[in-house]
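First comes the structure, then the notes that go with it.
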Amino acid sequence: MQSYIIRGYFITSRQFNFMLEISNLACVRGDHQLFSGLSFSLGAGELLQVQGENGSGKTSLLRTLCGFMQPAAGEIHWCGRDVHELGEEYYAEMIYLGHLNAIKDELNALENLRISAGLAGCAVDEKEALAALRRMGLRRREHLPVKVLSQGQRRRVALSRLLVGNARLWILDEPLTALDVGAVGLMQELIGEHLSKGGMAIFTTHQPLQVAGVETRQLMLS
Amino acid sequence: MNRLSLFGLLGLVIRRDLLLAMRRRADVLTTLVFFVMVVSLFPLGVGPEPEMLRKMAAGVVWVAALLASMLSLARMFSADYLDGTLEQMLLAPQSLSVLVLGKIVAHWMLSGLPLVLIAPVLGLQFGMSFQGLWVLVLVLLLGTPILSMIGAIGAALTLGLRGGGVLVSLLVLPLCIPVLIFGTGAVDAVNTGMTFIPHVALLGAMFLLSLVFAPWVTAQALRISME
Amino acid sequence: MAINWFKYAAPASFYGLAGKMVPFFAWPAAILFALGIYIGFFVAPTDAVQSEAYRIMFIHVPVSILSMFIYLVMAGYAALGLIFNTRLSSMMATALAPTGALFAFIALWTGALWGKPMWGAWWVWDARLTSELILLFLYLGFIALQASIDDPRRADRAGALLAIVGSVNVPIIYFSVKWWNTLHQGSSIKFSDTSMHIAMKQALFIMLAACWLYVIAVTLVRVRSIILERERNTQWVSELAEVREGERS
Amino acid sequence: MNWAEFFAMKGYGLYVWGSYGAAFLVFIIEIILVRHKRKITLQQLRLMRDAGEGQ
Amino acid sequence: MNRLSLFGLLGLVIRRDLLLAMRRRADVLTTLVFFVMVVSLFPLGVGPEPEMLRKMAAGVVWVAALLASMLSLARMFSADYLDGTLEQMLLAPQSLSVLVLGKIVAHWMLSGLPLVLIAPVLGLQFGMSFQGLWVLVLVLLLGTPILSMIGAIGAALTLGLRGGGVLVSLLVLPLCIPVLIFGTGAVDAVNTGMTFIPHVALLGAMFLLSLVFAPWVTAQALRISME
Amino acid sequence: MQSYIIRGYFITSRQFNFMLEISNLACVRGDHQLFSGLSFSLGAGELLQVQGENGSGKTSLLRTLCGFMQPAAGEIHWCGRDVHELGEEYYAEMIYLGHLNAIKDELNALENLRISAGLAGCAVDEKEALAALRRMGLRRREHLPVKVLSQGQRRRVALSRLLVGNARLWILDEPLTALDVGAVGLMQELIGEHLSKGGMAIFTTHQPLQVAGVETRQLMLS
């Protein structure tokens, strides 16, 4: 009933240093089995794209990796230990960006970034936050309440959280939504930098996304 | 970039929620005016006889407190839920209970504390005695946080309505009844010349009990609701 | 008479006019306050029933009357702004609201201080007192609504709608409260003012005029700030002397 | 007339002076506030002007 | 595909809002439970004297009804606003006032009608006479729709603003005071053996007045708020 | 300060039959002038893409066309008459799909479609609604509460409104958000059909969208 096509090679030197290992994962929503027997692993410097049609279970997979949903079967290991055991230790090393931006309309971009970074466990000073926002192309928009920003600008505020954390695992659910061509390029750059520092990323998107110098592994849900 | 301590986190959450509320300075005043208004409705309803009003006073103030905390409860988690912030909170590498406690404290500071502060004025409008006023403030100070804490459990359970939201309102609101009964009971005791200590002691016990359990229960309820 | 009213309906020309008018209201207000207080305290005789406490009247009554009148004026300006889309009228409404609320507050305060010696209670649930309290709530609602809307145009229009609905309600509220009270209890509280001394009347009217002038002066100053704030991107504001020649910051 | 007697107001001093005191205090505070607001507004306009020239 | 008549539209909106409420039954019950709780609290506060309770009954029921309808007001338009449905409603090629009227009717059926139905039970608890109960139900039936209509204006004006529930109450409660006064007045009149007709007539006039104007004013307020 | 580049030709035979005419439009948000002096017109069978970076004012333009925002200057005419005068007549002929899906989480797809069509003024029977949902690829999802659907499926429910109305003017703000490749193809098809029936469409998107046989006119905001 399901088929997975996993393509791509481990291109880093640390190829046996798997940090995230998924084995035999299954996901059931309602009466509906989205996937089962799914296994893959991800090491430092690797990039994985989850592909599939609308409703094929990409978001469900990513949310299962975050612990929001209990898998119907299978296990998720981080550095060799079950993520449920790890709990907060695992959360300290990952960052998740979903369909929702998790920003507050009433606050401005700067406040939003500093507060959400704080809630994620790291205090960020103003200078650092401003630098991140400017990198995301929000110069002269830092002090406007997010409510008045355009859809793409709001997405940029959400994405700027990636710049101030030091999470090793990025889980990005359609990060390119509402971004213009320039911002898509910027995201590719950011992912590239992250990988080159030994980070990992899993993402979904229906748009083309290519990171220079990195082979994107593909996981196809259907 | 350095890690936050638990107290740092608590402070951050409280500051955040207050900041969100303070975006408009008018909001603080709004709550105060709201209390005065709700309390003023009762004489209009039941008539201006001073004797009756004096007797009702404590009940009226407590009802206003309950209403104020109900009105703002619905928003306690739902805004964060709708815009995805709650998801991020569940992913925070710190204790969720502490985070929830922060939100409860902020809620109380916004909806309970103003009432405690204005209660003496309202009491005067109803002709309460000085002693009665003093006890009223004391029991409000103990009781309104309990309302916030019990309410938080309900708000978390009704979020997105897993776990049967119908039952919740039936469970949570009746749980507030003991608070109202002991709260008004203490003031009545003073007015009739009896001791108010037992009432206050019971309220204190409820306060401690909910302080220990409510944040944790709320955190579990949130995890259930987010699934 | 060929006064071009529309000229002054434009914020730019009204700004200058208002600036010139302020002293013409402020100084007479100050002088009349002084005069009114002199007559009220040194000329008017002591009241037979209320002794000296009745002197609260000279501040209480003008302030109470104005607090109600200002609401009507405010609602009128707001309605004009909504219907004819004249920005200046909306700004006038916004500028009047805080003063109106303060007057309602002073009316309550002075009333309460008068009530304690006369009735033995700071507060009774009497019709006039209750409707004054409701009036204060109406003011505060208008202010709170406008304060919580960022976009000034939306704030004007929303506030205007509220003020109009409110002013339709004011008479209903007033009469319902009156009826409520008379139904429940006979009016045991009555203040006889049949035999008012001439000096009392003089003091009362002088204070009323002083308060009215004060309201106008304060509102004009406030509306000038509002105009500047709203028109900050226009040419004429940037060319104003007080903006151009102000010290560099 | 004796000033102390005048201020005592036959025992109603607290109420009478409480009323007038509060009323005029409110007036004065309001005057200070509107003038302060004007100052702040002008200050902000100048800030805006300087920022505009800086560009 | 055929065009809907105005009545068709009205029916559709009412059905829609009721359907939505039935999917989240918690909301309906919360209002009802709150109402019962507030009313039951007063005998506890004031003491069990039957004479006094009978006098208070109408006032307490009315104030509780007023407060209970405040609880659900904030939600009246805000869900539609957040998910974009309200935008689509403003683009509907039919009268927005009719649509708003539909939402008001639905709100009343969910928050006013249950109170009218349960009021006799509460009245009995306070020892009200049969005649008094009957009049109470009648004035509630006339008065609660007015509360929904005036409330709709407030809810539309505060759409998308912070301060949500409390701000709406601040705007709406003073405007509802005449309803409260005439509503309790009618019951008092019966109890003191006078005629209650004038009160009911006044309530009826207010009902008609708000039926004519409130939907239109609310529609204007919605347009202002959406800008 | 602003520049507009309008490219493309009128390819229908009815080229002088302009139905939507925008003249000298200006839009101000806060202290910010987004555009001014914008003029264009659109006739039957024509397709206009509004382009520009994040925050350039695309959404603001579309919302102004819908009457949600008052233009700072300029006029919008429909069939020669001002849209503010026309009011409900204009609304009967247009459909707007914004960033928000305007669907109710608690209702299922079928109920959502029928109710939103009803609010837009046309009663749709169950068969018709089911057909529209199936065309949008929601077979076997019609009776699930929309809350459990995937992001792309939710967008499809919103888009299915296009199929049951008979509006002549479609105003689509990023219709392709969250859609997979198949659904993007379907949208292109639908727009093509709509145009060939004499309809008009204005849309924004940051993804490529090409309708076969129709030249897309471009309006660039910057």
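Read from first to last, the chains carry the letters A, B, C, D, E and F; within each, the first residue is number 1.
We adopt the following convention: contacts are C-beta pairs under 8 Å (C-beta built on N, C-alpha and C of every residue); 3 or more make two chains touch, one makes a residue touch a chain.
This one's a predicted model, so the numbers in the text were calculated from it and none came from an experiment.
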Which chains are in contact with both chain B and chain D? C
Length of the shortest touching-chain route, chain A through to chain E: 2
If you list every residue number at the chain B and chain E contact, are more than half found on both copies (same) or fewer than half (different)? same
Relative to chain E, which chain's C-alpha centre is the most remote? A
Write out the two chains that share the greatest number of C-beta pairs in contact. B-E
Counting only Cα atoms for the centres, state how far chain E is from chain F in Å. 38
Could you tell me the distance, in whole angstrom, between the mean C-alpha positions of chain B and chain E? 25
Just curious, how far off is chain E from chain D if you go by their C-alpha centres, in Å? 43
For chain A and chain C, let me know how many angstrom lie between their CA-based centres, rounded off. 58
Give me the residue numbers in chain F that touch at least two other chains, ranges are fine. 99
For chain D, which residues are shared contacts with two or more other chains? none
Two or more other chains touching the same residue: where does that happen in chain E? 24, 162-163, 167, 170, 173-174, 177, 181, 188, 227
Listed in rising order, chain B residues that touch chain E in their complex are 20-21, 23-24, 26-27, 30-31, 33-34, 37-38, 41-42, 44-47, 52, 55-56, 58-60, 62-63, 66-68, 70-72, 74-75, 82, 158, 161, 165-166, 168-170, 173-174, 176-177, 180-181, 184-185, 188
Could you list, by residue number, the parts of chain C that touch chain D in their complex? 37, 41, 46, 51-53, 55-56, 59-60, 63, 98-99, 102, 105-106, 109-110, 113-114, 116-117, 214, 218, 221-222, 224-225, 228-229, 232, 237-238, 242-244, 246-249
Quick one: in the complex, what on chain A touches chain F? 29-30, 52-56, 58-59, 99, 137, 141, 144, 148-153, 155-156, 174, 177-184, 206-207
Per the touch rule above, chain B residues touching chain C in the complex are 24-27, 29-30, 33, 36-37, 40, 43-44, 47-50, 53, 124-125, 127
Chain E-touching residues of chain C, taken from the complex the two chains share: 134, 137-138, 140-141, 144-145, 148-149, 151, 153-154, 157-158, 161-162, 165-166, 169, 172-173, 176-177, 179-180, 183-184
